[in-house]
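Notes to accompany the following structure.
Note that the chains are named A, B, C and D in the order they appear, and that numbering of residues resets to 1 at the start of each chain.
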């Protein structure tokens, strides 16, 4: 394992970590905005 | 005015307990606070004591002059099971910075008919005895504002007489008393003003005479409050009443 | 505030010293930890000075978590917390009272942990013991300062001991490092670098966390369920 | 903060572009360090992560203080968002730090003061997030989290100094040639945009969660 590969692995590890975290946030965001729209529609019918 | 509530509202999580509650408590007066289970009587009392913060509105103590000494008697007895009756009483008195001779503690225990149990540990007390010790704890420091949450629970007729006598003597000393009751009709004789919590609002607030005149027009849910209605409490998801 | 604190501390000590509910449990946990770690030694083998010091401080920390969980638990039995919040003295009095009671109980427990460490982990005390005594006192003050603050914070929650530990232990890292380094010097008799660096950190720790506990305690300890 | 939100996609794009440029800088422009050799280049990635992780925790500290002073929900939400991002960045800094330690000293973990501090910070703020995750009354939880946010940050310098006193290994202070300094500054600066984008995104998520809660509360009140 010469040092060049280490830099590659470090890079991969960090960027995939960040990517994973972003994907998790995007997933939660989608779920939340869907539920907010649902609620807004519900309140419209009740008005 | 000893205590002034202006437009008080409170949420329990995302549920509204009450809003728009404005109420004044004068010195040397007994105010009865009534309402159905879950109307928020205890919550309002805790707000008056400063134990919890209102979600909206504000509270003024003694028109803002100096701090008012508060006596609070809640559903809980504040007793340390491993301490004796006398030790419990002395601890709470010292916490309220009362330097009283032993005799005044003995007199107080005498008045609540507990002098025979002064040395007994509180954990061996019955519900009635614990409540009487709780009464002693609240009435001993002679606070200016007395907040009592269903003080009569667990008391037999003789102990209830003790409660009424203590309330009368505290009023005579000039204390302002707010008393949550489940039996409005029986206690009304000892009160000056009445406040009714119903449908998340203050349905009525005024003198006893006004109340008697307008009793017919008031929402029935407030008046026919059944004590410890277990099924409504369960249905209500155990929120505070 | 001090009178209220002393009143609360004496009441708590009387209650926990009573039928050994709180103190005994915390003491047994610490002693058990030391004993279990002694099993890691082959008979006759002695643990390294640093290992023994680490175990001594770990036993103290776990014991202290139980102490504060018990001390604050006393106020939850019949809603006494509301009574304490309603008292005329400032809320910090409760923090100081619990901290003082916790300090006494912790020092009492440590007077048993030390001989247990010496016996079970095969250590002896060198002539640097004065340093050890100083770091124990200074360290304990820091531990009870944070322990009392966080003990209040975790009341009324489920599994509050574990919550208290996972939040408290990393915060105590600076004290642990200092305590272990000075402790191993006491057991081994040699100290590589000067002790003043460690005492400087420990005293700074105490000052920072006593001050922040006094400032932050009221917003943590009130009657909101 | 709400006004900034539409900026998030541009920030993320700009950040991504700048960071790509930085990769080029690191690999080509910055000379290989004499003593440590090529693996030293992980440093250009490790340092911004650690720096912006620490900055996030500083933001949690400020937001916690502001919440206790003003009791505005905004600060509590910001503290929560910053703490989560800080923990993510600090964890990544730990991973890259471990890899760097492995290449330059041959062992995964060294008692290097900075690495130890980052590790202890990860534990502290993981505990902080556990407390935030518990279901209590929102304002009680916010108050407890605020106290923790303040106490946690006050502990960081103490952890750093005690770890430095503790560890025998003092990493060789590498002298940074000018090109290295430029690369380092460029990396840290470009990471700022990514950090801000991340924070906005996470803050937005937390704000939506509250909007959902508020609208349910409003719907309940209107139907009473």
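Simple rule for what comes next: a residue touches a chain if its C-beta (ideal position, glycine included) is under 8 Å from a C-beta of that chain, and two chains touch if they have at least 3 such contacts.
Given the structure is predicted, the values throughout are model-derived calculations rather than measurements.
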{"item": "Chain pair, A-D or B-D, that carries the greater number of C-beta contacts", "value": "A-D"}
{"item": "Centroid spacing, where centroids are CA-atom means, of chain A and chain D in whole angstrom", "value": "17"}
{"item": "Whole-Å gap between the CA centroids of chain A and chain C", "value": "41"}
{"item": "Chain centre separation (chain B, chain D; CA means) in Å", "value": "50"}
{"item": "Contacts with two or more other chains, residues of chain C listed in rising order", "value": "224"}
{"item": "Where chain A touches two or more other chains, by residue", "value": "none"}
{"item": "Per-residue overlap in chain D, given as positions that touch at least 2 other chains", "value": "137, 216"}
{"item": "Complete list of chain pairs which touch one another", "value": "A-D, B-C, B-D, C-D"}
{"item": "In the complex with chain D, residue positions of chain A that touch it", "value": "3-4, 6-7, 9-11, 13-14, 17-18, 21-22, 25, 28-29, 32-33, 35-36, 39-40, 42-43, 46"}
{"item": "Chain B to chain C touching residues, read off their complex", "value": "46, 49-53, 67, 69-70, 72, 74-83, 91-92, 94-97"}
{"item": "Chain B residues within the chain D interface of the complex", "value": "11, 13-16, 200"}
{"item": "Residues on chain D engaged by chain B in the complex (per definition of touch)", "value": "137, 213, 216-217, 220-221, 224"}
{"item": "For the chain D and chain C complex, residues of the former touching the latter", "value": "68, 120, 123-124, 126-128, 130-131, 134, 136-137, 139-140, 143-144, 146-148, 150-152, 154-155, 158-159, 161-163, 165-166"}
